[in-house]
Amino acid sequence: MAEPIRAGILGATGAVGQRFIQALADHPWFEITSLAASERSAGKKYKNAANWRLDEKLPDEVADMEIVSVDPTKVDADVVFSALPSSLAKTVEADFAKKGFAVASNASAYRMEKDVPLVVPEVNADHLGLIEVQQDNRGWDGYIITNPNCSTIMLVATLKPLMKFGIQNVNVATMQAISGAGYEGVASMAILDNVIPYIGSEEEKMETEPLKLLGEFNGSEIIDADFKLSAACNRVPVMDGHTETVWITMRDDPTPEQVRQAFLNFNPHLGDLPTEPDQVLIVRDEPDRPQPRLDRNMGNGMSISVGRIREGIRYVLMGHNTIRGAAGASVLNAELLHKQGKL
Amino acid sequence: MAEPIRAGILGATGAVGQRFIQALADHPWFEITSLAASERSAGKKYKNAANWRLDEKLPDEVADMEIVSVDPTKVDADVVFSALPSSLAKTVEADFAKKGFAVASNASAYRMEKDVPLVVPEVNADHLGLIEVQQDNRGWDGYIITNPNCSTIMLVATLKPLMKFGIQNVNVATMQAISGAGYEGVASMAILDNVIPYIGSEEEKMETEPLKLLGEFNGSEIIDADFKLSAACNRVPVMDGHTETVWITMRDDPTPEQVRQAFLNFNPHLGDLPTEPDQVLIVRDEPDRPQPRLDRNMGNGMSISVGRIREGIRYVLMGHNTIRGAAGASVLNAELLHKQGKL
Amino acid sequence: MAEPIRAGILGATGAVGQRFIQALADHPWFEITSLAASERSAGKKYKNAANWRLDEKLPDEVADMEIVSVDPTKVDADVVFSALPSSLAKTVEADFAKKGFAVASNASAYRMEKDVPLVVPEVNADHLGLIEVQQDNRGWDGYIITNPNCSTIMLVATLKPLMKFGIQNVNVATMQAISGAGYEGVASMAILDNVIPYIGSEEEKMETEPLKLLGEFNGSEIIDADFKLSAACNRVPVMDGHTETVWITMRDDPTPEQVRQAFLNFNPHLGDLPTEPDQVLIVRDEPDRPQPRLDRNMGNGMSISVGRIREGIRYVLMGHNTIRGAAGASVLNAELLHKQGKL
Amino acid sequence: MAEPIRAGILGATGAVGQRFIQALADHPWFEITSLAASERSAGKKYKNAANWRLDEKLPDEVADMEIVSVDPTKVDADVVFSALPSSLAKTVEADFAKKGFAVASNASAYRMEKDVPLVVPEVNADHLGLIEVQQDNRGWDGYIITNPNCSTIMLVATLKPLMKFGIQNVNVATMQAISGAGYEGVASMAILDNVIPYIGSEEEKMETEPLKLLGEFNGSEIIDADFKLSAACNRVPVMDGHTETVWITMRDDPTPEQVRQAFLNFNPHLGDLPTEPDQVLIVRDEPDRPQPRLDRNMGNGMSISVGRIREGIRYVLMGHNTIRGAAGASVLNAELLHKQGKL
């Protein structure tokens, strides 16, 4: 590469922000040029403002960078990755897009807006076509693209190759890791030796985002996919890795082996994106896989493992929620933008 | 009571055996008269043979009892409670029944035999009528009655009051405690920071036992209930308490509120059985309940907590797997036998 | 008892506050007459203001009590039990004492004040004599008595019977439960699959409080005990129950068996205090005890278990941190006050 | 390198055996040529015989290797790494040494034999001189070298730079990970929400092995170091990473800062051994470090993290028990052998 693409991180000190740093630190295309966080952190060196919680060393070149505020006039970058809380994201991401930044967001604020692409590259790369619609609509120099909720990403990656069988209904029960709630999100007294059968707003996201993701882009808008989802989301004492148990009713009533083959043959051919795993879906034939602790780091955390494909059709899927389901998803989106010449 | 009923425990040293001791130690009707276990333990005092693992003190009167072998000629009792592994139970429980013992078994060996009652007192007390059929068939002086698998017990207690709506299909995803596998059943390296999406034979039990339990006894046999169940069973890092996420399709398509009322009005009127909880079903209206750590001891571990009743119909249930789902279930069955004059 | 003693709880909604409710709800001497908490909660029913987190049902009579603010003019009681954060306790507890209340505090604010009794009934009941000194000094109608830090309580209960051997030095490494930090105190991402070798201010308390507790009251002041303590405090993924590994150097160099006998013979004869356990110290001779999950509830959470007494002298002790180490400690102090006619 | 050194693994299917595979799979000097395990596994492909439990993919070239029995006539290798249980190791390792193999053992069987080197390369590389003594004594063509117990390795690496201050006494309390007991070693019901204050034989090893390691080799034997150790070993619910709290009494009574400098300046200059970490000791100045989950993978699991250096002298150390404390230790020993021309 001639010139690295200059990348900023909004919300750089939090759990997903740290995963962004990890994903971008040695990236062949991107260079971290700005770290933005709350006023409380602005002006401090990253190593002094953030409580680094990954079990890899904080990269030296990042440790000494000075944090700036979340402000388009303070951030020096071509693309910004947003790990902002949804409440902030609504205003701030628009501010950046207006000023000409490409915004690759992990926040939920814009996901369901009609002119904002909600993209998983292996599932609906063509939805990036909405960027032009968005810029026309809003008169922005830049734009916002989003990735879905962590639990949705893993689910739709397995639904995509089954669309040809005519999906009619999906019931999904999740067992989600504590890192999905952010560092202070789940008190240890709440979850040790326990299951919490509720995660605020999670079920709503899982029941709507897949229909947009699996919908058709007709050049001006997305026509949602037409089937029903019902989700039951649970928090379990697992650090990283969301496990999902899925039942699908399909028009063509495929056999488990047909479903297995559809997973094995799912090969989205994105091209050589650095964060893309060799296999999007890893099919496990052992009776007791996938398991979060054993499988979450497959494909550098970007592969989704699927197993227990049985009559029903039932199966179990598992993926790394803060890599595949968050920071890695946004970075993969930005890589796709670059490959498509949009960045 | 004039005379206590003499009770033996088969498999007294294991996890469920210890729960039998806990349930029977201060029981108003039963007196522990025999503790039977493997040859390795026979002849030893209980306190020396068993690794007591409950957080209550081992009752003094039990501590010094001498363990006998699992042999009808060595056991002195009117009723024996069986916590034997299924492989042993097949032969041993028959031996005891032949010799005139009432056998209240938590093992799976006889559950699905046509002439053996599979009973949850609040659900199908009348199935005890099969005892006569069994004795006629087999020429036994005693008899065997069984309780279902732990996950089944909790599920059927919630299905029973919904039968009137015409259950057509049940999908259930479980998150099961490690104590369900016995003391050495799950290695810590297998389950710490992990979910295991598989429990051997568990799904098969959950998909068949409820149909017998909710079936009709016509005086000579059980006519199975007619609907379909599909189960996905998961092990999670929880000590006690199985949580289940349920989707039910019903002919009458009741509203969540109708389902809630059916749960609230479920009142099986067993009479004053000592182990019976005040409420079989406790309905929780908070969004994040039930939870195993907070709710498993409700009703001394015999109540089943239900919550998150939503369109779908979806709900979450939770119960104590080694009390309500095992030892307490067998003891409640024996209490019912006594009340019906069969013991 | 003719008249119940009217008891208020300051900080009634938190983790220790809930333990106070549990300890006082069926108490033979005390009756809960006031629940005080922050302005945010004042005016609400307890059941609506508090997030009840114990695995026993919230007592009905408490559920509907209205919370008042932490203000002596709003609280109706003879004695108030304080579970306030230390920062608040300094001012508030003095306010209550001035107004004539007996304050039995679990907070650290007054523990090391020269004229405030720091008491564990089995260890230094006679230090309550400081109450008169305190009232003289300060001109208060009421008074404050305190119990030590949770880790200190368990430690001093084992040091007391060893004082006769001439304690010279104590090294103690703790493994402390998450409940010690309060409900939101330890994030699950901080402690799952982890040990945190630091607990703020804990070591300082453990190195000073025992010297006051084991000191001599000469009628006007406490002459501190004269030995050295060095503590290393660690947080581990345990819900309740602090475990401590202790090394003691003693002038008389007793054998492990002499130490064991000293523990077995430790019998403080408090009289019939309702919260007093049958055995203050339970000596375990198994090689792998005490363990928090198995032993924390012994003596209704008020006994301290000791084991692994070996050359060194080394031993391991364990006690329930929010019962013996907090709420139960304050209640036991108040019971002692009553028995001594001071309440 | 011209020719790779052919390496066999004895006990290749277990927890430490899997770590050997991980350490050797891409090793620049060694090539895995034999995998040996019990008769039950012999003849099977590795992927079918072993239950691979690491969160990295089983290397393809290993997956299809056929397992041989633990027999010197079946194993093709220059050096064998032993992860055998101690009971087997005594006979089997001698058999291999007789037949001319270099045996680098993680087992405890030979550690304390007078003519067997017990080595941590950064601590006592010169003890490898015992190999000649061993071969003379025993008439073996090959030889056995050993690494210490996991907890000892980490401890001695911190004691070595303090030897100059005149160590007189060490008290150490450990909090050890479950992986130290092997895959089936600790039942989840034993350790979830618990601490077990006992690990069989562990304290004895920690109290003797350091004296040999820190002893002087005079050309024919080791003169043990002369100080006293007292260990208290605890199992905690942590997957990998042993934490140790240490108190040391030293003749010269150094300040915490002097100790810190001694750690920082500890630089054993081994040369370019592939498994050697950049820093043997990583000194952490934060109050709450080291922590196993955050620090165990530092230096690819070969660095030992030290913190909380305080008056006392007290400090906390932490290292990865199955890498630095087991497989990595043996591999580093073999690398040192090669560099010294002994392999």
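As written, the chains take the letters A, B, C and D, and residue 1 is the first residue of each chain.
As a working rule, a residue touches a chain if its C-beta (ideal position, glycine included) is under 8 Å from a C-beta of that chain, and two chains touch if they have at least 3 such contacts.
Note that the structure is predicted; figures quoted are calculated from it, not measured.
Q: Expressed in steps between touching chains, what is the minimal separation of subunit B and subunit D?
A: When the steps are counted carefully, the minimum from subunit B to subunit D is 1.
Q: Please work out which of A-B and A-D is bridged by more C-beta pairs in contact, and write that pair.
A: A-B
Q: Using CA atom averages as chain centres, what separation in Å is found between subunit A and subunit C?
A: Centre separation, subunit A to subunit C: 47 Å.
Q: Determine the centre-to-centre distance between subunit A and subunit B, using the mean Cα coordinates as centres, and give it in whole Å.
A: Going by mean C-alpha positions, subunit A sits 43 Å from subunit B.
Q: Please work out the Cα centroid separation of subunit A and subunit D, and write it as a whole number of Å.
A: 40
Q: Spell out, as numbers or ranges, the residues of subunit B touching 2 or more other chains.
A: Residues 53, 192-193, 237, 239, 293-294.
Q: Which of the residues in subunit B end up touching subunit A in this complex?
A: Contacts found on subunit B: 171, 173, 175, 192-198, 230, 232, 234, 236-239, 243, 245, 247, 287-294, 307-308, 312, 314, 316, 318.
Q: Please output the residues of subunit A touching subunit C within their complex, sorted ascending.
A: Checking each residue of subunit A against subunit C gives 15, 53, 178-179, 183-193, 237, 239.
Q: List the residues on subunit A that touch subunit D in their complex, please.
A: So the residues of subunit A touching subunit D come out as 53-57, 192-193, 239, 293-298.
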